[in-house]
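Should a chain be cited, it is by its letter among A, B and C, assigned in written order, with residues numbered from 1 in that chain.
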């Protein structure tokens, strides 16, 4: 249930958060790169990094986008210029932890995930496992990420990160 | 929540759909082949095929059942005549997308899935990943598949498809 | 929803059970061994065993704790004396089956699971797949396991079972 709270932010329960992540992962699975940036606010920061870097507090990652323009640019680049083998990803949501609220009402939460990748003609593999550390706000009538940091548990990304996580 | 709609079809929310898939997968995990056909309507069509065939619009699949009689026949054949190593499957539901309604009120939806198989004495493996494209109706007081097409992302099924998906 | 029933036990729906498992798995993923014993009642029995042993009705398992004192001891031993490579586990809940009620109102249920393990610097692997057979009660205002039997589908645990399941 998403209800408008007094501070303009939503009263969001676990089911609504899970539905939001479900829509986000469905967008990625359909490789709908045009719809992907709309899951972020204009001032969003998006980062994908290893757990080692995250634990050391290092800002380095495989992908870093500071603001929606960079996120849209990433989507466009992927659609227009990248060359890669056809593949299909499937995302599985794991544990959901609500870790707090920002002073302005934004939700802080973490979600465990598993991403299974199948390169065309090959067998499915465990592509990535880890968790995301997210800040979610109600923005223009829907939930969006204001901050999304995907922290994978392994040392590096197998092959390369083509589609976002 | 499953409520009776004016057209005899149910008002079904995401949670009710997830519960329905949960029951379906639990039936498969228990290898309860006698209970499996009851998840389908009498006029149901059940197909398992690769994403390549599905994208090309080809009707070919590993399993095709046209009607409940063929579905029951499949279950009986598996119980009575098939010889295979003991195995255990575990199913994990991924993204759920409600894609529309048929004119008669049937729900069209897609569910990402992961099936993990353990042959007795061996390590668990990723048996299959993909999505199902389903049509679900309320029939004799419960949800049932009127159409279920399981589309796996990989080129072929590892070993062979013993139990249905 | 968790409501107080007439017998002092809770009226618990599927969503509340899933939230409980979510909290339990989140505790394990954070390797919060100090918080782990609080998921069990004082008289709880905790067992991890293979499906072969479970089917034969054998009491033998990789871990057996009879009572909360043994559970706390296990947590302390793991924290204080065990030597193991750093690793991260991710848990994914599968099918949930409510299988009945004990005469005193305790819930009997089974949950399919997948545990993915990543040893530091390595790729993620399927660590364990199976189901748990649980008895859950409302105890001092929250849900707790009175009995938890984790039955893995494979013949043995890869490497060794460091963290509980």
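Quick notes on this structure:
Quick note on the criterion: contacts are C-beta pairs under 8 Å (C-beta built on N, C-alpha and C of every residue); 3 or more make two chains touch, one makes a residue touch a chain.
Every value quoted in this text rests on a predicted model; they were computed, and no experiment measured them.
Taken as a graph of touching chains, this assembly is complete, with every chain in contact with every other. Where the sister copies chain A and chain C meet, the same residue numbers recur on both sides for under half of the interface positions. When the CA atoms of chain B are superposed on chain C, the rotation angle comes to 120 degrees, reported as a multiple of 5. Distance from the chain A centre to the chain C centre is 29 Å, each centre being the mean of its Cα atoms.
Under the contact definition stated at the top, the residues of chain C that touch 2 or more other chains are 15, 92, 114, 126.
Interface residues of chain C, counted against chain A in their complex, comprise 15, 19, 22, 25-26, 29, 88, 90-93, 114, 116, 118, 120-126.
Residue ranges on chain A touching chain C, taken from their complex, read 14-15, 51-52, 92, 94-97, 112-114, 126, 128-131, 153-155, 158.
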